[in-house]
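Naming follows writing order (A, B and C), and every chain is counted from residue 1.
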Amino acid sequence: MEFRIGELAERVGGKVVGDAERTVRGVATLARATPDDLSFVTNPRYRSAAESSRAAALLIAPGSGIEFANRIEVDHPYVALAEILELFHPPTRPRPGIAPNAWVAESAKLGRDVSIAPFATIDEDAELGDGVVVGAGAVVGAGSRVGASSELRPGVVLYAGTEVGERCILHSGVVLGGDGYGFATHEGKHRKVPQIGRVVVGDDVEIGANTTVDRAAFDETRIGSGSKIDNLVMVAHGVRLGDDCLLAGQAGIAGSTRVGDRVTFAGQAGAAGHLEIGSNTVVAAKTAVFKDVPPASFVAGIPATDHKEWKRTQVALKRLPELVRELRELRGRVAELERALSERTDPDDR
Amino acid sequence: MEFRIGELAERVGGKVVGDAERTVRGVATLARATPDDLSFVTNPRYRSAAESSRAAALLIAPGSGIEFANRIEVDHPYVALAEILELFHPPTRPRPGIAPNAWVAESAKLGRDVSIAPFATIDEDAELGDGVVVGAGAVVGAGSRVGASSELRPGVVLYAGTEVGERCILHSGVVLGGDGYGFATHEGKHRKVPQIGRVVVGDDVEIGANTTVDRAAFDETRIGSGSKIDNLVMVAHGVRLGDDCLLAGQAGIAGSTRVGDRVTFAGQAGAAGHLEIGSNTVVAAKTAVFKDVPPASFVAGIPATDHKEWKRTQVALKRLPELVRELRELRGRVAELERALSERTDPDDR
Amino acid sequence: MEFRIGELAERVGGKVVGDAERTVRGVATLARATPDDLSFVTNPRYRSAAESSRAAALLIAPGSGIEFANRIEVDHPYVALAEILELFHPPTRPRPGIAPNAWVAESAKLGRDVSIAPFATIDEDAELGDGVVVGAGAVVGAGSRVGASSELRPGVVLYAGTEVGERCILHSGVVLGGDGYGFATHEGKHRKVPQIGRVVVGDDVEIGANTTVDRAAFDETRIGSGSKIDNLVMVAHGVRLGDDCLLAGQAGIAGSTRVGDRVTFAGQAGAAGHLEIGSNTVVAAKTAVFKDVPPASFVAGIPATDHKEWKRTQVALKRLPELVRELRELRGRVAELERALSERTDPDDR
C-alpha cells in the first residue's frame, strides 16, 4: 500500500509544503521512520527528534517552526494521524461465521455477518447485531444485546440483561453487569441486597482490558456514547457516566455518582458515591473526589480541591519544614523582644 | 407476583401506617416507582423525592418525619429492603446438569444438583458440593473444593488446592490461588520463592469481578466467613482477613497482614504488609496504612492517621499558603520591632 | 522426600552449626514447623518466634544472635530458602499433550512437549516453544510467540503479535497486547488512534493475575527480562520497562514512560506518561510520579519527591494544626509588643 503525500493531505484537509508527489508506504515514529514513511509531530518537545528524522514527510501543525523538507500541515495533526493510520491499517475483523466449538443457544438471535470464535457462549435470548465479533471464550449472558459492529475480545463477560451499543470495543477481561456491591449491615452481618438493575453502554464506547462495570441495584448503570475507558477501571452500580468521557487506567467511580459529559478522570483517580460531577471537568491523577464538583472544574488532591489551589498548597507544603524552623526562630526573637522591653520598662517603674 | 403491604410488613417485622390491604407488584426507586410499587427511604437526604413519589407505599424508619399515606415502618429499612427484594426476585440458578461441552475430570467429585456450564473445567480430584454452580469457562483447579450452594460466575479461576466455603458468590474474572509475589533478590536478580500455601475462603463470602487473592507462601491466605469483597481488589499472599469484613473497589492488602473482624477498607485504600489491623476498624478511601492499627480505629490519609487528626490537618493545610504569607509579614513586623527597640535603646546607652 | 541438614547446607553454600546428620522432610514457618521440618529466619523481628520453634533446624544468617540447636548459617537465607523449597516442591507441569477439546490452528507451530489444556485457543501462525504450558481457556493470538518453558495459566489472553520470552509465568487473567489508550480529541469527540505496535516480554518474567500490558501505538511496549510484576498492574502503551524491575500490586505506569533496570514500584504507586525513571529507583507505595526521576532515587508522595524530604514534610504536617495556633498566638504577642512600644514611644514624643 502506498499513498502520495498530496493524496494524504487532501484526505485530512491539510496543505502540502514540499513535494506532494512523493509517496509513503507507512507511518512511523520520528526515530524509527525510514525514507518510505510518513512521520508526525504532535508534541512540540519532539522538535529536535523531528529535525533529525529520516521520514519522507511530517504531519505537523502549521506555524510549528520546525524545519522539514516535506510537510503536511494540518490544524489537528493527531486527529489526522488517526485518519491516516486507518488508511494504512484498516481494522481487521475475523471472517464471519460461528466456530463449531462455540456454544450458541437456540433462542439467541444473530445478525448478519456475525463472527463467533471458539468456546464463546451466547446464552438464551441474547441478541447480536450485524457484524458483531465475539472473541474466544467470551460470554454473552442471557437476554443481553450487542449492537451492530461491536467487538467483544476474548474472555469478555456480559452478565444477563446487559446492553451494549453499536461500534463498541470491549477488551479482554471486561466484565459488564456483575452484581453491584450492595449489602445491608445489621449487627455486624452483611446481607446481600439483590441487584435487580443492569448495565447499558452507548454507542462508540471502548472499554479497556479487565475493567468492570457493575449492574445497578435498581434501574441502570450507564456508560454514555463516545466514552472511552482504559484498563482496570471500576465503575460501580448505579453510576451514570455521560457522553464522551475519558476514564484512564485504574480510575474508580463509586456507586450512584453521576458524571456529566466530556469528563476526564486521569489514572488512579477516584470518586466517592452519590456525587454529581459536572460536564467538562478534569480530575487529575490520584485525586479523590469526595464532594460534588461543578462543571468545567479541574480538581486535584486528596480530598479534591481546585487544581490551582492544590498547586499552591503543594508549593507551600514543600516549604513546611522550613516554616517550622522559621516559626521557632521567630518565637525566640519575640521572647527576646518581650524580655528586652520588660527590662527597659522595669527601671522606669522603680 | 403481588403482596399485600400488611403481609410484607409482617415478613420484615414492621408496622403498617395506612392501608395494609393495598397490594404491590414490585420494588422501585422513589423516582421510578409506579402506584403498583413499593419504594424505600434509606437515606434522609431523599426526603423531598420521597414526598413526591408515586409509590403505593414506602419502606421507612419510624420517626422519619416524612409524610406519606402508606408506610411500612421498620427499624432497619435497608435490611428489610433486602428481604423484600428477595421475595420479588428470588435468586435464579441455572438448571442442574453438566453441559456436554464442559470438561470434568473423572476423579472429580460432584455433589447433587450441580450445574456446570459450557467450557468449564473441573480438574482432577476437585470437589463441588451440592448445588454448586460453575459458570461458562470457569476453572476449578486440581484438588480444589467448593462448598454447597456456592456459585462461580463465568471465567472464575481457582488454582489447584483452593478451598471455598458454602453459599459464596465469586464474580467473573476472580482469580484465587495465583502464586504470591515472593522473590528473593540477590545481586539485582529476583529468584522465585515457591509459594506452597493455598487460599481458604469461608462461608457466605462474595468476591467482586476481577479481584485476585494469592496463595500463601506457606500455610494459608484466608478470607473470613461473611466478608464481602468488591471488584478489582488485591489480597496478597498470607493475608488473614477476618469475618464480616468489607473491602471496597480497588483496595489492596499486602502480604501477611492480619485484618480483624468487621473491618472496612473503602475504595482504593491500601495496607502494607506484615501489619495487624484491629477489628471494627474503618480505613477511609485512598488511605495508605503503613503501621499497625488498633481495634475500632477510623484512619485516613497517606500515611494513615486517626481520621479526626487527618481532618484537622486538611483544614490547616487549606490555610497553608495564607500561613506562609502571614509568617513572612510577621517576620517583617518583628524585624521592625527589633530595629525600633535597638534605636530606642542606643540613645540611652550613649 | 527427606534431606540431611548437611546436604542442604552444602547445596546452598551454608555452614551447619549443630547436627548435620539430622534429616528434615519439609519446610515450614517458625510457628508451624514440626520436629521434621526445616524453618527459617529472614527477618530479625521474628527472634522470639524462632527461639520457641519446634523445627529440626533453622536457615539463618550468621551472627544473628538467635540461639537454636541446629542451624544452617548462610549469607542470604531468603535466597537459600527459595533454593531448598524448590528441592522439596519441584515445579510441577501438566503432562505434555494437546487436550482434544482445545483449538489449535493448523498454521500454528508447536515445539516439543507442549501442554495445551481444554478450551485453549492457539490462533493462526502462533508459535509455542518447547515445553510451553497453556492453561484452560487461555488464548494465544495470531502470530504470537511464546518462548520455551513459559507457562500461561488459565484464562491468559495474548492479543495477536505478542512476544513472550522463555521461562515466563503469566498468571490467570493476564492480558497482553490490548489496544493502547490512544484517542485524538477534536471538538469534544474522541477518535481512536489505531495501535499498530505490539508487546514484547523478555525472559524469566512473571506477571501476576489480571495484570494488563497494552500494545504500543507504534513500535513496542517492552517488559525487560527478569522483571516481576504483581497482580492488577497496568502497563500502558509504549512503556519500556527495564530488566529485573519489580512492580507491586495495583501499580500503574502511563504511556511511553521509560523505566530503567532494577526499579521498584511499591503497591498502588503510579507514574505519569512520557517520563524517564532512572535505574535502581524505588517508588514508595501510593506515590504519584509526575516528573522524571534520576537513577537510584527513592521517592514518595503525591507528587513524588525525595523520600527523606517527604518524611520531613510528613513530620511537619503532623505539627501543622499546632503551627496554626502558635502563629496566631505569636501574632498576638507581636501586636502587644507593637502596642507597648508605641505607648512607650509616644510620651517621649510629647
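Going forward, contacts are C-beta pairs under 8 Å (C-beta built on N, C-alpha and C of every residue); 3 or more make two chains touch, one makes a residue touch a chain.
Please read all numbers here as calculations on a predicted model, not as lab measurements.
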{"item": "Residue-number overlap at the chain B/chain C interface, same or different (half cut)", "value": "different"}
{"item": "Rotation angle (°) superposing Cα atoms of chain A on chain C, nearest 5", "value": "120"}
{"item": "Between chain C and chain B, distance of the C-alpha-averaged centres to the nearest whole Å", "value": "25"}
{"item": "Shared interface positions of chain C, touching two or more other chains", "value": "101, 119, 137, 155, 173, 210, 232, 250, 268, 302, 317, 320, 323, 327, 330, 334, 337, 341, 344"}
{"item": "Touching residues (chain side chain B, partner chain A) in the complex", "value": "27-29, 32, 76, 78-79, 81-83, 85-86, 89, 91, 99, 101, 117-119, 135-137, 153-155, 169, 171-173, 206, 208-210, 226, 228, 230-232, 244, 246, 248-250, 261-262, 267-268, 285-286, 301-302, 314, 317-318, 320-321, 323-324, 327, 330-331, 334, 337-338, 341, 344-345"}
{"item": "Chain B residues within the chain C interface of the complex", "value": "101, 103, 119, 121, 137, 139, 141, 155, 157, 159, 173, 175, 178-179, 181, 183-184, 186, 188-194, 196, 210, 212, 214, 218-219, 232, 234, 236, 250, 252, 254, 268, 270, 272, 288, 290, 302-303, 305, 309, 312-313, 315-317, 319-320, 323, 326-327, 330, 333-334, 337, 340-341, 344"}
